[in-house]
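Here the chain labels run A, B, C, D, E and F in written order, and each chain numbers its own residues starting at 1.
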Amino acid sequence: MNIEIMTINQFKAGSRVDGFFLIKSVECKSSSNNKKYLDFTLADRTGEINAKLWNVTEEDEAYSANRLVKVRGMVTEWQNALQFKIEKIREVMDEDGVNITDFVPVAPYTSEDMYNDVLEYINKINSEEIKKLVNYILEEYKETLMYYPAAKSNHHSVRGGLLYHITTMLKAGERLCEVYTFLNKDLLYSGIILHDISKMEEMASSELGIVSEYTIEGQLLGHIVMGVKKIETVAEKLNINPEIKMLLEHMVLSHHYEPDYGSPKKPMIPEAEMLHRLDDMDAKMYDMKKALEDVEPGSMSDRVWSLEKRVIYKAREF
Amino acid sequence: MNIEIMTINQFKAGSRVDGFFLIKSVECKSSSNNKKYLDFTLADRTGEINAKLWNVTEEDEAYSANRLVKVRGMVTEWQNALQFKIEKIREVMDEDGVNITDFVPVAPYTSEDMYNDVLEYINKINSEEIKKLVNYILEEYKETLMYYPAAKSNHHSVRGGLLYHITTMLKAGERLCEVYTFLNKDLLYSGIILHDISKMEEMASSELGIVSEYTIEGQLLGHIVMGVKKIETVAEKLNINPEIKMLLEHMVLSHHYEPDYGSPKKPMIPEAEMLHRLDDMDAKMYDMKKALEDVEPGSMSDRVWSLEKRVIYKAREF
Amino acid sequence: MNIEIMTINQFKAGSRVDGFFLIKSVECKSSSNNKKYLDFTLADRTGEINAKLWNVTEEDEAYSANRLVKVRGMVTEWQNALQFKIEKIREVMDEDGVNITDFVPVAPYTSEDMYNDVLEYINKINSEEIKKLVNYILEEYKETLMYYPAAKSNHHSVRGGLLYHITTMLKAGERLCEVYTFLNKDLLYSGIILHDISKMEEMASSELGIVSEYTIEGQLLGHIVMGVKKIETVAEKLNINPEIKMLLEHMVLSHHYEPDYGSPKKPMIPEAEMLHRLDDMDAKMYDMKKALEDVEPGSMSDRVWSLEKRVIYKAREF
Amino acid sequence: MNIEIMTINQFKAGSRVDGFFLIKSVECKSSSNNKKYLDFTLADRTGEINAKLWNVTEEDEAYSANRLVKVRGMVTEWQNALQFKIEKIREVMDEDGVNITDFVPVAPYTSEDMYNDVLEYINKINSEEIKKLVNYILEEYKETLMYYPAAKSNHHSVRGGLLYHITTMLKAGERLCEVYTFLNKDLLYSGIILHDISKMEEMASSELGIVSEYTIEGQLLGHIVMGVKKIETVAEKLNINPEIKMLLEHMVLSHHYEPDYGSPKKPMIPEAEMLHRLDDMDAKMYDMKKALEDVEPGSMSDRVWSLEKRVIYKAREF
Amino acid sequence: MNIEIMTINQFKAGSRVDGFFLIKSVECKSSSNNKKYLDFTLADRTGEINAKLWNVTEEDEAYSANRLVKVRGMVTEWQNALQFKIEKIREVMDEDGVNITDFVPVAPYTSEDMYNDVLEYINKINSEEIKKLVNYILEEYKETLMYYPAAKSNHHSVRGGLLYHITTMLKAGERLCEVYTFLNKDLLYSGIILHDISKMEEMASSELGIVSEYTIEGQLLGHIVMGVKKIETVAEKLNINPEIKMLLEHMVLSHHYEPDYGSPKKPMIPEAEMLHRLDDMDAKMYDMKKALEDVEPGSMSDRVWSLEKRVIYKAREF
Amino acid sequence: MNIEIMTINQFKAGSRVDGFFLIKSVECKSSSNNKKYLDFTLADRTGEINAKLWNVTEEDEAYSANRLVKVRGMVTEWQNALQFKIEKIREVMDEDGVNITDFVPVAPYTSEDMYNDVLEYINKINSEEIKKLVNYILEEYKETLMYYPAAKSNHHSVRGGLLYHITTMLKAGERLCEVYTFLNKDLLYSGIILHDISKMEEMASSELGIVSEYTIEGQLLGHIVMGVKKIETVAEKLNINPEIKMLLEHMVLSHHYEPDYGSPKKPMIPEAEMLHRLDDMDAKMYDMKKALEDVEPGSMSDRVWSLEKRVIYKAREF
């Protein structure tokens, strides 16, 4: 029998398959006759399928969600649904030449490019003290920033999503400073770069940019207050001007605007107000664009939770 | 005795004065001995003063608020406050060469320049139907647009304020379309130009750009619904594509976003969402800039009603 | 084997059945062996049953929801539930003499009678202009008014429900004008007749009085604003007194009272206030009556969503 | 000097006056030279005036608000306002033939007529138990019902206002039972009569129908709960069917509908729902009618607090 | 084959079992071949299992929820779940020596002990009138107080839970009176004892302390108003000082504080304020303690509905 | 003429007076004839009086609010009100032996005693790390803690009020731990001591315990977030266990409970929940006690803003 390389949307009952897949979830279960088996959800860009591995070895139990595996097996049918019976499975190795980004949603630019964009904006900051502070913190998070999403399931929840969110805001912020010329760019740029920086400690993300859970400190304090603490600590260490420290802390603290969304203070400087608006606007534009991706002109999208449950309309050509 | 030309902030008890002033309010009253007199509040850029005209003729009773007058009289003191006793008064004539804008707050650009800006943006609209519709309506309101403020007492409540609000939004909208490239500029530009157009029928403004009251229809229907009716009527007359008509009506209808602020529908196309955000952002940036105008660095502004009663901080140099 | 005429509540596994049914829903599916079949929900007044048609022809795929069909087939049992295997199926023909109203819930009066009731109330209007305007619009909607419900799933969601809602409100309104004699009957009657008229363009209803969905314009603008536009357009055409036009538009605009329910303005004339109250009262009386229909004295109804999730009590005899 | 009989709106500085007035308020004060005087506000239907009585005797100090007095004195002027200097004052006597209702706002029907209306509605109640209960309670409050207003300052705050409110609701309720025929008239009529009955113990009213304050029990428990207690006590005494007792208590308890307005339970029987609607409708119709009393056609009323601060429009003739 | 005595968590497919269980629910159903059977959920402290009794006699149909039964039968497996096939079943008899408290959650103290605690606190009341009133009511409810829970599914929903709630509040209240010495202990103790007393008539509880439903009067009036009525009736009978009656009624009426939670009046005496706080604090402390019972240090609990959906953290040792 | 020592409530027009007073406010004004004078409000425990100092020297302009002065002068009368004409004035000197606490409201215990109470509670903390952290912070604020109030105008706004608030909470917290024995006393005590510690940097208080304004950082960040920063910084310095640091930060962060009152996270450990309740309870008990101080039994207090505008009732003796 022939072993085909196929994507999940090509699976048919009876096919024998070889391929690379992402483990979305895996659980060790027992069958009615008390035999252990691993119950997987495997995924590629084209879809997901339930898969089972029988004859589980101890090493097999180490498989965990959000890892890439190479798998061989048979597609079967059970109660009208396709199922995959795994015969061979192993973790992906470097030699396999498999690209993570074929398995998870990613930002439309490479993390390296976006990171360099951020550095360029830092160079546009005039205040040496602000530049020093932002650079210090950015350096500290550089590695994780390469893959962190901006959220667990809302806007920008893709690999590199946090960087994507930051760079888009920087671009929009720069342009609005041309219109509202009284805004201080140093504050706005640094506020944009730092506003969500502690999300990387509030949420636990795999290198795939998938958040599995919130950390304990994330739940007890939240990324906003954690961000304020971070600025406080670094500013003390670098001996930053207290006015700057206070303003940046205020910007991070107030960037969600509403107390119910985590900001105990509302923006009290224009740059904090603009930071909040850029943050919110970028999230909503992202969600609207995404909502309309698969919608026909003249039709409504599904209800979008993050847009206050609205449906979004894709206009007809005119 | 010498008659001086002075501004109100230079008045002292005993001065005799000649000058041009704006009538802020005027009321016909009777004194305890049953004598009619006119009770004015006069203003110039430097302040206000109570003024009284005795020996009222029938023509005198025609003076009304928001008119410019030439006045001669004497400054007196009554219960610790200065008062002005009018000896001669007449309406300002063209020959006086008096400039309205010295007496009322005005937008920072001339109405003519701003109007031309709007026309340029209309030229950037690709759809001929949209262009035709917007031009038709703009033409209809051209004259009043020259002086209407955007509000009675909130943001942009200055002479030419509505034009100022529209042109700033157009500039910001154009720039954000560079970042959020999936937005349709035709819709966004036309939505910006039309969104508040019926404010000119909701509020009654003098040519000074001062709104004295809301019209009856303004109170019973509101400028949002009046704007929808306007588009409906003109679109029927010009035989505009129904999709375009519907989208523009939706944008006007939803531009306040919250039902409590007059929008029975929330934005359901990205351009309506962006229109709302530009509208709100421009108002808040205007209010913040204004709030900080007379504030010392390191100090807080007074509480600003339109900014949810916040105080705004003017940062120290750093 | 004998073929019985039976209603759905009489079905037993093994019965062979002939009968007329309403298609509540129909979907074309594929079985595990890739064979197309139609998956129906059939209904009559006594209940619903899942039905399957195998060996689907191209014409069969034209069957759609809310149509009446004549069907022959066999009742089977599958996983503890009855199922119906269709052998023959065709659309109902006039000769069948089948009455739609045996398959869908209908108002307690015929549409013709209710329509005549409305005409009588129009005759009681003194103002010729109002009479002309209301007659014009009524004529335009006459045909659809015969079957439209007043809602998709709430109160008066029955065939002819909109007419039923209007006529009940007219009766109650007439009586309350006897108590509150300062109310203007012309305004109240015309407001009642027009208040929901654009529901017929906001929702798409079959002739069975069943609403399948909201229209795009219905979602983007809503029946309240669409109703205002309708009055505007017709009033312009008929050259109606602007005061009348404005008052009727205000009544339609404010009849939901709360901004959150779609009214950007609250009632500002007594007739608008009364219109809102009649509308709401009629809806709630309808829902309460319906909620108690199958309840035993001394017991509570199920929770009723449209009555703010209240349970309603049916009192014991006393 | 001539002593004129004049109403307050006819007073001029210098007039000597004889007349009957209502004491709106009275306070004993001391002048700068430590002399006691009584400081009155006197009123008739045409207005109010400040009045002072010097040379105060001990009996004079017994004068209290809301009493009628006969007064003689002199009109003077003090700081641009008229003032009345009392020379002689005494309480009104029966022989004076003065009618209270010339001094305070009253219901448009006599209390006797309205009371008889209520009795007639009680006669229309079929249930002997309900009739007995309502009659018992009505008898208990008969005397105070003759003059109590329905509120301290809101709707129906006139002498006899509570009776006026009850009888109007009975009339409207009777008519709506013709439309909504499933409603139980016994429950609705008795609910209407009893719903506000404990207002007479919640508020302390003078016989002029003017409420000076809330009682302590009124503040700690409120008329709704006090009404429930009243029904409980009387029903126990008269041995009323517990179902009836429970239903009437529920109607009184739920008649304000909203928890925030004092009803811990919402209406759960249709008659309770209708009672609430009649109560609220009657209040709002009263307020709207009153708001428009002095308004010109084509104009707006002042803002009305009890109508959620709305302004009300008086339509032009059409 | 051996018949084992086992708890539900020890069941395996194939075991034959003898045991005592609580009927959590029971329903009479028909199988596909039209045979009646009883479908049980049986429970003990270790878990629950679905059980079926075939060959149902008429007496068998009398089994009802919340009763203890002795059962013999066979454990089987159906669709991956264990099921219990009942062979013999009878109600538990006194001779069985089975203790209810092994089957339902109970308070940590015996009802007798807790009842005596309450009596001791009554003895600490100085006012003979209050003591008399509280004793009278307590005596009336003594029997049911032994087993009533304090709620259907929230805090203290265990057998004896109401007593447990009362006694804990009394202990906390006594201690806080040492700190806030201006509080009147007579009012606070009596308020605590009476505040929820009518829950025993609002909810219908079995002697197991399990509430199956709310009573009709409970739904139409609620325990707060029923408690006020109870105090009113008993106070009238015992001729209690009206000030005391009013204060106790106010305390019961206001103890939920928020109108939305059933209190039409907020606390207006300090003891009512403290009563509310003790009530709420005791409920929340109970819920938090319970939420953390099975949580590992360093982990979060599940989301707790009654704690506003919060998760609760169990701290690590430090 | 004799110079009397008198308190303000003894002043009469014409008295000559010597005395010590607190400057509540002072402003430099100009009279109508352009002469500078100082306009004071002077106070002692018995009341306040307006006072004027003419012939102002440069040193005189240094007088500021919240200082004690010795004053000699004359009581006059102006427009029915007493006024004080200052003849001599100087700041109070140590030799005067004047006690601040005779001029401002103070806590009922000395600050020294309360501070020692706090130290004793710290000694009851078992964890050496917590003890070290709390002691370190307490030491830092020791001096200002002696006089700071707990609020600008709400509860405990008296000299030493913050200490009074802390110690009362500690006493109540200790007692409730006897009832709710699962609470960790180390966390609760330290949470109580630290929860408001940054109020001393949020508000600017004079040594009289009177807060004149909020600091800039107080307005931009608030005492809650400032308190978290303080713990972070000190814990880093003292190398405290991160679990302890996190828990204490969470307690401070969540102690206002509601986001609208400044807490972005709600309590997620039982000790944080109890901390919030103790804080709120102590504030409300303080306000209620104060509200009833001058109320007659059987009467209501004035409306109390901080008690949600409630009036509070002082019960009659029973």
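One rule holds for everything that comes next: contacts are C-beta pairs under 8 Å (C-beta built on N, C-alpha and C of every residue); 3 or more make two chains touch, one makes a residue touch a chain.
Quantities reported herein were computed from a predicted structural model and do not represent experimental measurements.
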Inset, instruction - Please decide if copies chain E and chain F contact each other with the same set of residue positions, more than half shared, or with different positions, and reply same or different. - result: same
Inset, instruction - Name the chain whose C-alpha centroid is most distant from the C-alpha centroid of chain E. - result: B
Legend entry - Chain located farthest away, centre of chain C as origin (C-alpha): F
Inset, instruction - Go ahead and note the Å separation of the Cα centroids belonging to chain A and chain D. - result: 65
Legend entry - Intercentroid distance (Cα basis), chain C paired with chain A, Å: 46
Inset, instruction - Please compute the C-alpha centroid of chain B, do the same for chain C, then give the distance between them in whole Å. - result: 47
Legend entry - Contacts with 2+ other chains: residues of chain F: 216, 219-220, 247, 268, 300, 311, 313
Legend entry - Chain-chain contacts as defined at top: A-B, A-C, A-E, A-F, B-C, B-D, B-F, C-D, C-E, D-E, D-F, E-F
Inset, instruction - Spell out the residues on chain A that touch chain E in their complex, using ranges where they run on. - result: 32, 216, 219-220
Legend entry - chain B to chain A touching residues, read off their complex: 127, 129, 168, 171-172, 175-176, 178-180, 182, 184, 187, 241, 243-244, 247, 266-270, 273-274, 277, 281, 284-285, 288-289, 292, 300, 308, 310-316, 318
Legend entry - chain C residues within the chain E interface of the complex: 13, 77, 80, 298, 300, 311, 313
Legend entry - chain B residues within the chain C interface of the complex: 216-217, 219-222, 224-225, 228-229, 232-233, 236, 246-247, 249-250, 253, 258-260, 262-265, 268
